[in-house]
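Presented below are the structures under discussion, each in the form of structure tokens.
Below, subunit A partners subunit B and then partners subunit C, in two separate complexes.
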Partner chain A sequence: MKAQSRLFFYLLLTPFFLWLLLLVILPHIDMLGIALREQTAPRQYAFSFSNFSEFFKEPLYWRTFLRTAIMSIVATALTLLIAFPVSYYIAKMLRGRSKSLLFLLCLIPFWVSELVRTYGWMILLRETGVISNALQWLGLVSGPVELLYNDAAIMVGLVYTSMLFMVVPLVTVLESLSDDIIEASYDLGGNMWTTMKNIVIPHAMPGIVSGCIIVFMMTLGNYLTPNLLGGKDSLWFTEQIYTQFITRFNWELGSAFGILLLLLSSLIVWLGLKLTKQTLTSTMAS
Partner chain B sequence: MTSTLIDLETRHVNKHYGDFTAVNNVSLKIEKGSFFSILGPSGCGKTTLLRMIAGFDEPDSGDILIQGDSMLGVPPNKRPANMVFQHLALFPMMSVAENVAYGLKQRKVQAAEITKRVNNALESVDLGDSGNKRISQLSGGQKQRIAIARCLVLEPKLLLLDEPLGALDLKLREHMKVELKQMQSRVGTTFIYITHDQSEALVMSNNIAVMNKGSFEQVGSPSDLYYHPETAFTAGFVGDANQWQASVSHIENGVCTAKVSDGLTLTGHINPNDALQTGDLVDVFVRPEAIKIIADHTSQNDQQSNQVDCIVIDLLFNGANSTALLKETISNKELHVALPQTGEYSGLQKGQTITIAWNPEQTHCFKVVS
Partner chain C sequence: MKNFKLKKLLLSSLVGAALFSSALSAEELRLLTWGGYAPDDVIELFKKETGIDVKVTKSNNEDMISKLRATGGSGFDLVQPSQDRVTGAQENYDIYKPMDLSKIKAESFIASMLEATKTNTTLNGDVYSVPHIWGTSGLVVNTAAAKDVKDYTDLCSADLSGKVSYRLKRPTLIGFAFAMGEDPFAAYSDVEKYTELMSKVEAKLVECKPVVKTYWTGGDALLNLLRSGEVTASMAWDTGGWKLNKENKDITFVAPTSGALGWIDTFTLPRKTKNEEAAYKWINFVMQPEIAAQITASAGNFTASEGADAFADDVLKAQFQASFPKEALDNVKWYPPVPAGLEAIEGKVLDRVKAAK
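Showing the complex of A and B:
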């Protein structure tokens, strides 16, 4: 009986282990191997750190790297700032039908692919686009304005794309906060701000952190949105990786970049957890 | 009569939710330093009333005054009333001491003063050494005491309690009843306690308002409500009661004789508020402990003029609260009769036919309002 249940347990775990081994561990080990070699002659490779030193020697690479990290952090913070009131409204102010309706509205943009959504933004923002035309029609500007291909456009696209992934954990965690507790805070003399600061945000912390981790990782690893909305100037690190692998056919450098991006996201997530005194387990449980 | 301070007054308070009337024209005055309970079945509007006093809901009409000041438009954080929530609503993200300190911090009291008052408050509920504990480390009774200490540390004029004992197990609940009553008389703060549990209200309160369908049925001391109920609802809701419906055949000196069915007439006190006439339908109430079991059929007693024969269906042993379940032989009505554990009735058997009798003084008749 016991042996049988143990067998069952391992059978259930098998797909998970296969996924972990084949799709996560093996590719990364291989990528690390490629990153740590240098071509000395045709089909001749030697162990070397040259790909990593290349990264630090070329300012374009590490500047893009830093820029991507900072832009991603800003995008995450913006997403949180916008998503928190929305989530609070959905979770705490609304009841019944209007609640599920609004939640559904947050979901609707995700019925189409990210590509289509991004093209939607391009239709709005481009020189001949809706906003430019509207501004001209209103007489606010004399000629067409180009709103695409700048950092603000990238930011708008990134925040829009990430919204749902912040709203879902926040709504979940805020719904678990009993109304009594909020009322008790008011009853004891708290106002809106002190209640937010002392009660709601500490309670929502696991949700905030898990939402931020998801959004940050998605943004950092995003390729499509910065590329389409930022154009040639977008300078997103994933584009560098793409260039190395596809255009330059330099798999060694591309792999090194991939490893560096993995290290970067792990480092920032770790820092974020340390700063907010959360653990990965507690945030993922929320 | 000396003028007493009124801590809370409500004047013709109404609250509607759509077509539903939650609170209907409630007026009350609560004296300073009293323990006042609002007793009613769930859905009777007592929670709505309490939430309006606390400031979480605004009445549609009427006024609420705390020590003479109108509270209309005053938000909950500005009212001199604090609430102990049904599920206590302690802040799990804070330690015990931080919970108690929360209200003082909101008032910007100096840190040293906060520490002092928090320690005093914790001492006063015998939890002086629990300040650093997490809320989850406390037992049910301790949480209860912290929830009260968290309010009392603010020295409110009113302490509102929303069925806070509901979640406790029976033993602890019995214990907390006594403790709450003693705490109230020690601190002297006016307590307003809402509950659906009559024994909580009867044990703790100076005064009780019985609430039903949004309005007050009767306000009075626990013994008043118990011995002199003014409405059929109060008679049925407060304490246990056996109930018949009968039609009045004779009225004399505030006492009526009413016929339940052929061969069964009961005599009882008429509620002074009812203008009763011969032929009216009345609800007749008698408490289980007012009924005496007479073993001997023949011993007629003028005092105990209500007398019926019953068959013992079952004996429900419950220590001091043991009762006998009887079936009255004429109307087939099931009755509960208290069974004092004095050994006198130890010979009672299932299926036995006995005679029971009770005094018209302890029988209450209320006109049936159709």
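Showing the complex of A and C:
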């Protein structure tokens, strides 16, 4: 009986392990192998660390990474700032149908693909677009205004794309906070701010951190939004990886960049966990 | 024991999958090509005549090479890279297979074009490609708003601030180099000289950056920018200009004074093609004048088929003659084969231009 349940357990786990091994671990090992070689002559390769040193030697590459990381952190912070009141309202203020209705409203934009959503923003923001025309019609501006092709447009697109992935963990964690505790805080002389600071936010911390990790990783790895909404100066690290692989035929450098992206983003997440005194297990449990 | 079973299961499922897919592809031609090069009506006619299904995958030069490189030259039966991107890729990655010219009806090709392509795609004595469609890239301009744009470097004019778009890709570098009075093609074989030339182009492109509205990445996005009037001068393919010309008489393709850049897309066999016979059948089929004219109508560019001109659309012919008077046609700069490794030099230049403030 025991042996049977054990077999069952392994059988259930097999697809997961296969997925992990075949689609995550093996390709990464292969990628590391490619990253650690250098083309010496046509069809000739030799072992070398040059691709990794290239990243640190050429300012363009690490600056692109830095820019991507900083913009992703800003986008994550903005998403949190916007999503927190929304989630609090959904989880604590509303009851019954209006609650599920509002939750559904957050979900609806994700029924269409990211590409369509991004094109939607392009229609709104472009020089001959909806917002520009509306502003002219209202007489607020005299000529067409270009709102697309800059970093602010990228930021808007990124925050919009990540919204749901922040709202879901926040709503879950806020719902688990008993209303009695909030009430008790008020009874003991707390006002809105002290209650927020001492009761709600500490309780919501695992949800905040897990939401931030998901949004940060998604933004850092985004390709479409920075590419379509970004302007002539907009460099994004994933775009750089794509170019190395596809247009430069430089798989070696592209693989090195891929590995570095994985390592550096993991480092940033680890730092974030340390700073907020959370552990990965506690955030995943929320 | 367990391990052995797992292996057996994996193996048998792989064999099953392989058998299944080969059974399906028995009479199928997997074509990796550009948008418009294999229109549905031509595919249907081909099927009626030979019974072979054509499965089309749309792509571009870099993507074709990357796809074939990833699989070592399998997955497709016939591909259509530009002639300048055949030998370099073959030398580096061994992804193509020499062509058996005896299986090709040479008389259906424009002789000079066939010879030129054969010469440009010969590596170690083997010929890898025959020509299919040719065209140029140059300037697509709204002549009512930007009538002074005659050459690539005119895209730097401050009057056009915020109205200009081009790609950050190699044709831009080559075009600017020609307009600056240099000959990049002559410097192809000399790495040092080419690097020096490219840094001059880099300085120019950085200087011109404030004028640019955006560096376009997709052809359709550019056409939209021109159509809406947000962009009035750009660098693009001739067909894009002619397509817009049908909607708006002011917009058209202009051959730059320093010369339009000419390309020829080829037929080339991937190294592990599974249906070589069908590939030759397709080549001979689409090079017939009437069929070639049908493809011209769909792709917007002319083919290397002898006699197809007689069947081509009159509007397109008129547009071509307006954009290419005799001296402009003689001045077209045809891309010579790109030596392996050139992309690395150009790549860094393009990156630095994009990063420049």
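Rule of thumb we're sticking to: the second predicted complex is superposed on the first by the 284 of 286 C-alpha atoms of A that agree within 3 Å, B and C clash if a C-alpha of one lies under 4 Å from a C-alpha of the other, contacts with A are read in each partner's own complex, and residues count from 1 in each chain.
Just so we're on the same page, a contact is a pair of C-beta atoms (placed from the backbone, for glycine too) under 8 Å apart; a residue touches a chain by one contact, two chains touch by 3 or more.
Just so you know, these numbers come straight off a predicted model, no measurement behind them.
Asks: Determine, for the superposed arrangement built on subunit A, whether subunit B and subunit C clash or fit.
Replies: Fit - subunit B and subunit C, as placed by superposing on subunit A, sit side by side.
Asks: Who does A:L11 touch here: subunit B (first), subunit C (second), both, or neither?
Replies: After superposition on chain A, A:L11 lies in contact with neither partner.
Asks: Counting only touches as set out at the top, which of subunit B and subunit C does A:N227 meet: first, second, both, neither?
Replies: Only subunit C is touched by A:N227; subunit B is not.
Asks: Applying the touch criterion given at the start, work out whether A:I246 contacts subunit B, subunit C, both or neither, answering first, second, both or neither.
Replies: Only subunit C; A:I246 stays clear of subunit B.
Asks: Any idea whether subunit B or subunit C touches more of subunit A?
Replies: C
Asks: For A:L275, select first, second, both or neither according to whether it touches subunit B, subunit C, the two together, or no partner.
Replies: In the superposition, A:L275 contacts neither subunit B nor subunit C.
Asks: Quick check for you: in the superposed arrangement, does A:I108 touch first (subunit B), second (subunit C), both or neither?
Replies: After superposition on chain A, A:I108 lies in contact with neither partner.
Asks: Aligned on chain A, what is the least Cα gap between subunit B and subunit C? Give it in whole Å.
Replies: Subunit B and subunit C, overlaid via chain A, are at closest 46 Å apart by C-alpha.
Asks: So subunit A touches subunit B in one structure and subunit C in the other; where do those two contact lists coincide?
Replies: Correct list for subunit A: none, the interfaces share no residue.
Asks: Once bound in the complex, which stretches of subunit A touch subunit B?
Replies: Result: residues 178, 180-181, 183-191, 194, 198-199, 202-203 of subunit A touch subunit B.
Asks: Taking the touch rule as given, give the residues of subunit A at its contact with subunit C in the complex, in rising order.
Replies: 39, 42-43, 58, 60, 63-64, 126-128, 146, 148-149, 227, 231-233, 235, 240, 243-251
Asks: What does subunit B use to touch subunit A in their complex?
Replies: 54-56, 75-77, 82-83, 85-94, 102-103, 106-107, 150-151, 154
Asks: Which of the residues in subunit C end up touching subunit A in this complex?
Replies: Spelled out, the residues of subunit C in touch with subunit A are 62-63, 65-66, 69, 89, 91-94, 162, 169, 209, 212-215, 217, 228-230, 340, 343-344, 347-348, 351-352, 354-357.
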